C-alpha cells in the first residue's frame, strides 16, 4: 500500500475526475493532498519499478534518504498552504492536484527523461497557477524562458543518451564515471535548463516579474516549494549523476557565487517586501548550488530545508500583508506587527533564522556550511558567503525594525501614537506561521535530528566518511 | 547592429557546440562504454525474459505484444512518461480555458462559407474521424497511435468549425470523455499495482505479436489516449475560436 | 548531417528568441527551436541502413537492423509537450493582446 | 551553583520574564532586577573558583578568573541599571520584549565569558548582540539598531572567519587547544590575530568602527544606554585580551619588523588606539546631546583599554583591566544620571537643560563622581587605571602614544565639563521649576555605582591583587601592591594618601567657598539686551555653542560617517544596476544572457 507512485497517481486521477465533478473539486483537492501527506510517512526507502520493467529499461521511482524528507516536507507544506488559502483555490483545484503530482514526480523519479516530463508538468502547472495574479505578460516571460530551459535540458539529456545510451540516473552515473569522454556540452545544457528553474543569476529574468506580485498563495508555492524542489532536483542531477570536470566546477561555482552576492545586493536595495524575499531566494539558491557543485551535499540539503521553511512563512505573511494593506512597500509598513504580535513573532523568528542567528535553525546551517567549506580547504568561498550573510543581516534587521517600530527617525517612543491600521489575517495563516516558526526555534536549540538526516541525505549522493558536522548534542562529530 | 551581434553570438555558440560534440566529421563523440542493450532489449522484447528473437504473427505471450516497437516503448516500457505527457496536454487545455476565461462567444470569420465547402468538409470530417479511430486502435501494429489519432479527431473538429458558421461542439461531452479517459488510464495503472505488482503493469495476456487483439493493455491505453487527446485538442480549438464578450 | 540541421534550427530559434520583440514571433522562434530539437533527437537514434522499428509482414523478425526506437518514443513525448506549451503560450498571447491591443513588447510601454 | 546553571537559568528566566511581563509589566521588570542580582550573589559567594558545572550538549563552560572578573563587572552594571526598568515600562513600546531581551543579553554575555569552545563563545556573543540590538529601536532611532547590528555582525563574521581558519588548520574549536597550537602556523596566526583584532575593535568601538557607538548609545532607551556603554562594549575588551594575552601573539610576531621595540602590528594597533583617543575626545567635545557625548568618551576610553591590552605587560594589562572595570562602572553611572534627568525632564540635550543641580543634587553628585572617574582624576578608580597605563607607556618610551593619551586626558576635562556646567550648573529653565529629585529606587543604584568608583579609587589594592592573579593565569607577571600602595616601574602610588590629600584640599576649598559672599541668582529669562528685543531667550543659554572657539578649530574635519554612507550607497547602486540589467520584462534579454553564459563557460572550458 505504501507505494510512492500513489503520490503521483492519486492526485492525477483526482485531477482528471475533478473536471466533471466540479462541485466537489475542493474536497477532492483536500482529500488528495491529505492522502499524500499521510502516505509520505509510510513509504519505505527503496527503488520502485513502474510497469514491471527493471531499470534502466523501464522507469523507476527512487525513495532514499535524500528525497524522503523533502517529500514529507513538500507534501505537508502543500496541504498546509492549500488549507491556508482555501477560499482562493477553488478555480485552481484541478491544476493544484496536478502540481502536487508534478512536484512529487520531480522528487521521486529516477529517470532523466521522466524528470523532463515532470519539469514540464510542474512548470506548466506553475504558469497556470500564476495567472491568479493577473500578470499575464510577466508569466509569458516565464513561459518562454521556462520552455527554452526545458528544451535545453532535453537537448542535454539526448546528447547524454547518444553518448552513453541510457536515461536512467543510476545507470548513467555508473557509465559516466567509467566513460572515456567528458560530455561538457551536455552538462552545460542540463545546467542551463535547471539553472532557469533554480533561479541562478543570468538565467532568472522571469523571477522578479512573477514573484514580486505573488499572492499569499502563489508566493509560498513558487518561491518556497517549487524553488526547494528544483534545488533538490539540481542536487540529484549534479551531485548524484553527472561528474563534472575541475574547470567546469570552477566556472559553474563562479556563476553560483555571482548569484549569491548579486542576490544579496539586489535584496539590499529592494524597497518592497516580496522583492526582498525573491532576491534573497535567488541568493540562497546560489548558495545551495555552490555547495552542491563543491560536493558538500549534506550542507546543501540543510540550506534547502531551511530555505523551504523560512521562505514559506515569509512569502505567506508578506502575501497576506500585501492583500490586507494593499501594497508591500516596506517604508509604509511601520509598526505593522504591533497589532498582530503573534504573526510578527513568527515572521521575526523566521527571518532571524534566515540570517543565521543563534537560537534559530539557520545558525547551525551557517556553521555547518563554514565547517564543510573549510574542510575542503576553501578560503574564498566562505569569505564571500560571510559577506553575503552580512548584507543579508543588514537588510533583514532593517526590515524587522521597521515592521515592529512606529515613528520617524529621532522621535521618542512615548510621544508616538500607535498605528491605526490593523492587520487582519486569518487564524490559519497565523497558526501555520507560528508552528513553522516554532519548528525553526526548536530545531535551532536541538538541531541534531535535522543535521544527522542531512548527512544521511548527502551521503546518498556521494559517500564521504570524513564529513564533520556541528550539532548541539555532540559538538563536532 | 543588434541583429549582427545576435547572429555572431549564435554562430559562436554553434561553433562551440559543434566542436565539443563532434570529434571528426559528423560523428558524435561517443563514450566507449556506451550502453547498447536497452534498445536491443526493446526490439527483442527481452527486458524481463530471456527472449532471443521475435517473429511477426508467431511469437506469443511475450512480455510485450506490440508489433510497433515505438508503441511498445511509449505505452508499455515507458508508459509513465506517456501518462505525464497526457497530463501536460490536459494541463494545457485547462490552462487555455482558464486564461481565455472571458472568451465565450464564437469567433465569426469575415468570409462566408458556401455549400461546396460545407459538403466537402462533412465528407472529409467523416473520413477523418474514422481514420483517427483507426489510428489509435491500430497503434500497436502500425505507425501512428493515440496522439496522431487524437490530433486527427481534433483536426476534423477544427474543420467543422471552419466550415459551419453555427457549429459549436458540445464541450460538456468532450469534458466527460477527457475526464473519464484520464481517470481510467490512472485506474488501469493502479489496477496494475494491485492486481499485478507494479503501477501501469501490463496485466492482460499479450497474445500474438501482430494480431489486432494483442499486446494486453496497450490498445486500451492507446484508445484512451486517443479519446483524451482528441477531446483535449478539440477543447483547445474550441476555446481559441472564441471572442471576448464585451462585458 | 541531420543532427547538424537540427542544431542549426535550434540556433535559428535562439536567434529569433533573442532578437524578436513580437510575442507571436517569439512563440514561432520557440517552435523552430523545438522542431530542431526534435529533429536532433530523432537523428540520434539513426542506425546505418536501419528500418523503422515496426514488425510487419515484410520485416517480420527482430533480427533485422532497426533504427533505435527509444529516441522516437522520446520525440513523441517531446512533440506533445511542445504542443501543449505552444497552445498555452498562444492563449497568453491572445490574453495579452486583449489587454494591450498589440503583440509588440516595445509598444506595450511596460515599465522595466 | 555552577556556571552552566547560572547561564541556562538566565536564559530560562528571560522566557519567564516575557510571560510574566505579559501579565504584569511591573512584576516583569522586577524580575530583571532580581535576575542579575541573584546571579551576582552566586558569583560573589562562590568566588572565582566557582564550579563550571556539567556540560549540556555543546554548552560547556570553564571557570576562569578572567571570565569571573568580566562577569562580575557585567552583573554589577546590569543589576544596578535594572532598577531603572520599572520606571520605563510605561514609556516603552514593547515592554515585555524589553524585559526578555534585557535578561537574554545578560545571559549572552555571561555565557560568552566562560565558553571553552569557540562556537559556544560565538553563539553567546551573537545572542548578546541581537538581544541588545532589538532593544535599541525602542528608543529614538530605528537606523541606529541597523547600523549597530551591521557593524557588530561585521565584527562577528571577522571573528567567525578567524575561528574557522583555525578550525581548518587544527580541526578543533577548543579555545585553549587551538590558541595553544597557533604558534605553529605563523601565517594563519597572523590572519587570525588581525581578524579577531578587528572583531575586538568593532565591539569596543575603536576608530574607524566607532560610528555605531554614538548612534546606538545616544538613541537607545535611557535605561539601556548604560548597559551598552558600561557592559556590552566590554565584550570587545574580552576578545582583545583573548587575542593578545591568551593567543601567543607576541610569540607569533617575534620575527616581524619592530618599531620602538614592539612588533609592527602591535605598534599599528597602538596608533589606531591613539587615533581613537583623539577622535573620541574631539568628537565628544562638540556634542550637545549628553548621551552622545558620553558615547564618544567611551570611544576615547576604549583607546586606553586597547593600549593597555596591546602592550600586554605587568602594568599595562592590569591598567587595562582596571580601566575596563572603572569605565564600566563610571559610564554606567553617568548614563544613569543622564537617564534620571531625562526621566524627569524628557530631554538629554544640554542646551535644553540647565541648573539641574538645584533640583536633582544627588544625581548631580553621581554624575560628578563618574565623570571624574572617566577623566582619570583622583581619587576615583579611573585615575588608578590611567596611572598604570601612563607608567607602562613611559617605560616603553612610547612618546606619541603617550602624547595622544595625554591629549585624551586633557580633552576629557573639556568634555566632562560641558554637561556638568550646561546641564547641572547654570540657570534653571522656567519649565523645569517643578522638577523633583529622581525617585529613590533610581537614586540607590546610582549611589552604589558612585560608591564603587570612589571605593576602588581609594582602596584599589583588593581588586588589583585579583587582577594580578588573572595576569598570572594569562601568563603575564602579576601586578604587585604593598599595603595601600601600587608598585609602578618608576615609583609607587598610594591612592589612599592621594585621597587624603585630595580630601583635605576639597575641604579647604569648600570652606573658602562657603565663607565667600553668596551670588545672586538670576532667572534665565531675565535677559538684558541693549535696546533689542529678545525673540528667543533660549539662544542666550550659555550652554549653546559651549566650546564654539575650540570646535571652530576642527569644524572641517573629515567625516567618517560619510565614508560608510558612501559604502552603503555603493551597495545600493550596485544592487539597482544588477536588477536593472538582469530583470528585464523582455524574455529576449534573458535568452541572450543564457546564450552568453553558455558561450562563456564553453570558452572557459576550451582555454583551460
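Per-chain residue numbering starts at 1, and chain names A, B, C and D are given in the order in which the chains are listed.
Just so it is clear, a contact is a pair of C-beta atoms (placed from the backbone, for glycine too) under 8 Å apart; a residue touches a chain by one contact, two chains touch by 3 or more.
Model, not experiment: these values are computed from the prediction.
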{"item": "Chain with minimal offset from the mean of all protein Cα atoms", "value": "A"}
{"item": "Comparison of B-C and A-C (more C-beta pairs in contact)", "value": "B-C"}
{"item": "Euclidean distance of C-alpha centroids - chain A vs chain C, Å", "value": "30"}
{"item": "Centroid distance [mean C-alpha coordinates] between chain C and chain B, Å", "value": "15"}
{"item": "Whole-Å gap separating chain A and chain B, where each centre is the average of the chain's CA atoms", "value": "32"}
{"item": "Whole-Å separation of chain centres (CA-atom averages), chain C against chain D", "value": "68"}
{"item": "Where chain C touches two or more other chains, by residue", "value": "14, 17-19, 26, 44, 70, 77, 81, 84-85, 88, 92, 95, 110"}
{"item": "In chain D, residues with contacts to at least two other chains", "value": "583-587, 591-592, 595-596, 598, 602, 605"}
{"item": "For chain A, residues that touch 2 or more chains besides their own", "value": "113, 117, 120, 124, 127-128, 136-137, 140, 144, 148, 159, 162, 184-185"}
{"item": "Arrangement of touching chains [line / ring / star / complete / other]", "value": "complete"}
{"item": "Complex contacts: residues of chain A adjacent to chain D", "value": "137-138, 140-141, 144-145, 148-149, 152, 184-185, 188-189, 192, 196, 201-209, 245, 247-248, 250-252, 255, 262, 265-270, 279, 338, 352, 357-359, 363, 367, 370-371, 374-375, 377, 382-383, 386-387, 389-391, 393-394, 397-398, 401-402, 404-407, 409-414, 416, 468, 470-476"}
{"item": "Residue numbers on chain A that touch chain C, as the complex places them", "value": "113, 117, 120, 124, 127-128, 136-137, 139-140, 143-144, 147-148, 151, 154-155, 158-159, 161-162, 167"}
{"item": "Chain D - residues contacting chain A, complex", "value": "57-58, 90-94, 117, 119, 122-124, 126-127, 130, 133, 137-143, 145-146, 149-150, 153-154, 157, 160-161, 164-165, 167-168, 171-173, 219, 221, 346, 571-576, 578-579, 582-587, 589-591, 593-594, 596-598, 600-602, 604-605, 608"}
{"item": "Partner chain D, residues of chain C touching it in the complex", "value": "14, 17-21, 26, 105, 110-112"}
{"item": "Touching residues on chain C, where the partner in the complex is chain B", "value": "1, 3-4, 7-8, 11-12, 14-15, 18-19, 44-45, 52-57, 59-63, 66, 68-70, 72-73, 76-77, 79-81, 83-85, 87-88, 90-92, 94-95, 98"}
